[in-house]
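For clarity, chains are labelled A, B, C and D in written order, and residue numbers in each chain start from 1.
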Amino acid sequence: MVGALNTYVTPSGFWNPILWLIAFLISLLLAYIIWSRGEKSYKKETEQVKPFFAGNVIESKERAHVRAHNIYWGFVEALRPYYMALKRIHTGDVNDYVAWFIGVTSFMLIIYFLWGVKP
Amino acid sequence: MVETEKKVMARKLGRLVRAVWIFNWFNSCGCTELLPVVSSRYDMERFGLIIVDNPKHADCLIITGYQTIKSIKRVVRIYNQMPDPKVVMALGSCPITGGMYWDSYNTIKRLSDYIPVHMYVPGCPPRPEAVFQAVGLLVEHVRKLKEEVSRK
Amino acid sequence: MMYVLLALYIIAAPFIVGALGILYGMVLKGIDRKLTARMQGRVGPPLRQPFYDVLKLLEKECIIPENAVKWLFNAAPLIALAASITTLLYLPIGPFPPLFSGNGDLIVILYLLEVPCLAILAGGFAAGSPYSTVGSQREMVLMISCEFPLAAAIIALAWKYSSIYPGLKAFSLTTFVNNPIWNNVGVLGFIGVGILLIVMLALSTSGLGRLPFDIAEAGTEISGGMLVEYTGRNLGILYINDAVRVVVFATLINAMFFPYKLSPLIANYVALPLAASLTIDFLFYLFKVFLIAFVTVTLMRVAFPRYRVDDVVKFYWGIAGLATLAALILIVMDTFFGW
Amino acid sequence: MTEFIHHIPALIIVIPLLWGFATPLIGRLSKKGMYAWVVTALAITEALTIAQIYLVLTQGTQVYVMGGATYNTTIPPDSGGIPVRIILTVDAFSAFMAFTAATVTLAGGIYSITSEEGTSGESMYYTLLLLMLSGMLGMVMTGDLFNFFVFLEINSLASAGLIAYRVGKGISVEAAFKYAIISSVGALIYLFGVGILYGEYDALNLAMVASRMQFTGLDKVVMALFTVALAMKAGSVPLHYWVPDAYGKAPGAISAILVTASQASLYALFRVCFSLFGLGSNTLTTGWFLISLGLLSMFVGVTMALIQTDIKRLMAYHAISQTGYMLLGVGVGLATLGTAAFSQYGLQAMEGGIFHIINHAMYKGLLFLTAGAVIYRLGTSDLNKMGGLAHNMKYTTVFFMIGALSIAGIPPFNGFASKLMIYESTYLFNPILSIIAIVVSVLTLASFVKVFHSAFMGPKLYDVKEVPKAMLVGMAILTSLIILFGLFPNIAIQYLVGPAAKALANQAAYISSVMGGA
């Protein structure tokens, strides 16, 4: 019965964005009802709003912001060998770019000569 | 206390008592006796008390043992960072009167000079049952408050 | 007239499913805490404890940190809970087909499982405190590492269904429920699907952020991780969201691997009216959800210490990933050679 | 009026060309006049491309003979069966690509009114912008092999000039130099292939050559030269090195438009594989060539993007990884061309790949515009020096979030619609393909969460104001299309993408539309 709306059909699945959006808004309303029953007030501008730093004070705003370069340490650490090889390939020198181009062209020449055309 | 404010406090404390989340500041001998409170011997979780890992989630701040001059700054800051209806429980004799470090140069003698302390649990170190008695007193206090409010 | 009925159905569906998800999720959380305590020799809290926790959290002050981006910080828990509830709309609840059946398939569910994590993660970043940022990064690393085995498991099963039933929609959960996977696999396929089941159970532990993989809210290391700056009612909503997600993951695994019903067994002994068989199936579904939640959450929480961040990636991309690829190869061999 | 309709294909290319060269004159009169002049040019081109799509849908492939007696006498009576002049064959796929290019350039043009204000040589900027647009539209609509090379050169030189527009202490000039070298190498190798074909079949028209193709040894050489040269211009992995340099250093709106420029080369790669060689060549080999390019581009592109600290280089690597999705989708369609599997899932895979082209142009354009807005306000593009912009750059943050969520394929947005089609059709060809595709989409999400945190979240470090209105209008255009395609994917599939996929897959129709003498 719910399929009456135009659902976006793929070879082995389906998806209806508008229906999901309606359901999402209604459940957002449900969540808001529960949320609005709670306490709203808090003591502004007191020590309360300072970020929790195990009791210490963060000297300046710059230090409170974790910079981009040490993000996803876990992931990069786990794929350490892969990333070392990848960084070595990206040299940034135009001659290497063209060398890669010639390499891939010659490789594809061999492939096309072998299986390029239907016998 | 104005009438409605007392009623609000009664409701808040009534709900707090059944699920007290504790942020422990165990940093000296006071806490050695308290480990069975958490473990299976006395199991405080029976009464809904669990240990949380930061003051912003906590309702009750348990401070055990003496506080040095450096650590009291942290304690005050953590106390301020806790959201309201909060309770402070000072365990052991050191925070009450300075305990056996009463004359040392670097510890603070009375905790209540720095943060409002609601419950004192004497003993050096205090017995686990003493902690449950403290929580029991809190429950008792809340029940009395509720009765008083409902009678009006 | 039909559209009015349809509109009513669409409006009522999230409330029904939301109520089921929240209430049963909280009950499951209570049982989980009770069983964990019992396994550690403790008495454990009363079963109503999660309800007390939420009621208390709703009473506490809701602090908004000074560095926070206010609108995103407050919106994140609401979006997370709403997304978790909508995921339940696409999952079969016991004997009943999914409420939105025909409008969302397994890939949609795979992404809807990500949206709550993403919302909490954005909230953690929006809080602007170092602990919450580190926690949110770890949650993102956890999501990356879970995706590979999860995608491989879903694609392997869907590929199996597409080769046996080319007519049916391979990704729709009704195909999974109507013809359970265990009945139409050979010996190799059986081993493959067994591996996939184990990997899915491990994935649901990390999807819920429970102990062996709770690197995002690691209590001892980064004291609450993403949720450090959340207090009061925001934390209450996140608590409810965590409860709903237990039901979501358990229902997904139940639909994919154990879509069996109890009433046919009983029916051949005693004639059952429709209402009775439906309630039996529903209760059997609730029991299965409890069993899955027990295995993935309680057992893992009691048995395993926490993983290090890069070990989580190595586990999921290494061991679990290779296991799912091996399972895929087994299933492919099972289809082609029919062992 | 009906006479005018037949000239639309030529008008679409000529209007940006002429109005571009007239811009310096207008610019000398009044700055405001020049802005109005440029925006009207872009708006007219956009309207014409929409009219063209309507025409192609209703009347089939539009053929326009440059300088012929009438607009559609493709084979003059005395030429002995060879279409002599340059013929623009606009089938559904070309009209679709023209619409994409015109929309993103319109948004970029409006955006750069304020973002390039006060820079020296501003009128030259707009001339090159319109030149680049006409180059792209020419590449997409021409049916002549050599004419494609001419438009490819126009586009490459114009965009090389634009990349070096902001000298940036010589770094942008070096990036433009690399881009120029790579484009000319690719274009000349392509020209070499055209020369071989012209020598063999003494015809330059794509449909003519396709109808006469006998797949000799020389044709295999041409196949290799064409596919690899165009793959490099499209920016797929083994040959992608120029993409981060070029997109990373171009000014705000130009990197958004460069995305559609490389998509025009992607169009050429598909046109060559489907319409020029088509079923004669072993579509499994060319199909697997596209699929392996796609897989490599997806995975290497996104893993490199994860560790970047420059906001534009990170987004450039994502352009490569999203091109991988298109290559994967259309590659599966090509690999199953002509077999029974094509009707089961091959056509839908192509539809997913082609739908992803327009989706990618929209959200990648939006992301580059937001990155330009951040750089416009902060002056630096290094993520480590940014922070807390969400506090007072509200609109840019919301636009960035919509762009990031749709590139990561999160349900309600358009990225998800096309990725869902790709996942659910390529897995039938080989399950590994869509497993890698899903993992790559989470890694995309991870890197954009990283940019979201380091640039927008965190405490308020800089007191910057919101970007001026015109830049917001530029971003709003693309956001509205993202949300439209996200919520109503059926409309996009039915009118835009479905006909394009069928037109691309149907080589015979393409040849008959030109050779059959409409």
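Methods note: a residue touches a chain if its C-beta (ideal position, glycine included) is under 8 Å from a C-beta of that chain, and two chains touch if they have at least 3 such contacts.
Please read all numbers here as calculations on a predicted model, not as lab measurements.
By the document's definition of touch, common neighbours of subunit A and subunit C comprise B, D. The interface with the greater number of C-beta contacts, when A-B is set against B-C, is B-C. Among the chains present, the centre nearest to the common Cα mean is that of A. The distance from the centre of subunit A to the centre of subunit B, each centre being the mean of the chain's C-alpha atoms, comes to 43 Å. Between the CA-based centres of subunit B and subunit C the separation comes to 37 Å, rounded to the whole angstrom. Distance between subunit B and subunit D, defined via averaged C-alpha coordinates, is recorded as 65 Å.
Between subunit C and subunit D, the centres computed from C-alpha atoms are 39 Å apart. Contact of a single residue of subunit D with at least two other chains is seen at positions 344, 388, 411, 416, 420, 424, 427-428, 446, 450, 453, 458-460. Contact of a single residue of subunit B with at least two other chains is seen at positions 54, 56, 83-84. Multi-chain contact residues, meaning those touching two or more other chains, occur in subunit C at positions 58-63, 66-67, 105, 107-108, 128, 131, 133, 137, 140-141, 144, 158, 162, 171, 223, 228-229, 231-232.
Screening every pair of chains for touch gives A-B, A-C, A-D, B-C, C-D. Partner subunit B is touched in their complex by these residues of subunit A: 42-43, 46-48, 50, 52, 54-57.
By the touch rule above, subunit A contacts subunit D in their complex via residues 6, 8, 10-13, 15, 17-18, 20-21, 24, 61-62, 64-69, 71-72, 75-76, 79, 82-83, 86, 90-92, 94, 96-98, 100-101, 103-105, 108-109, 111-113, 115-118.
Note for the complex: subunit A touches subunit C at residues 1-5, 7, 12-16, 19-20, 22-24, 26-28, 30-32, 34-35, 37-43, 48-54, 58, 61, 64-66, 71-75, 77-79. Those residues of subunit B that touch subunit A in the complex are listed here as 54-56, 73-75, 77-78, 80-84.
Residue ranges of subunit C in contact with subunit B, taken from their complex: 33, 37, 40-46, 49, 52-53, 55-56, 58-63, 131, 219-220, 223-224, 227-232, 235.
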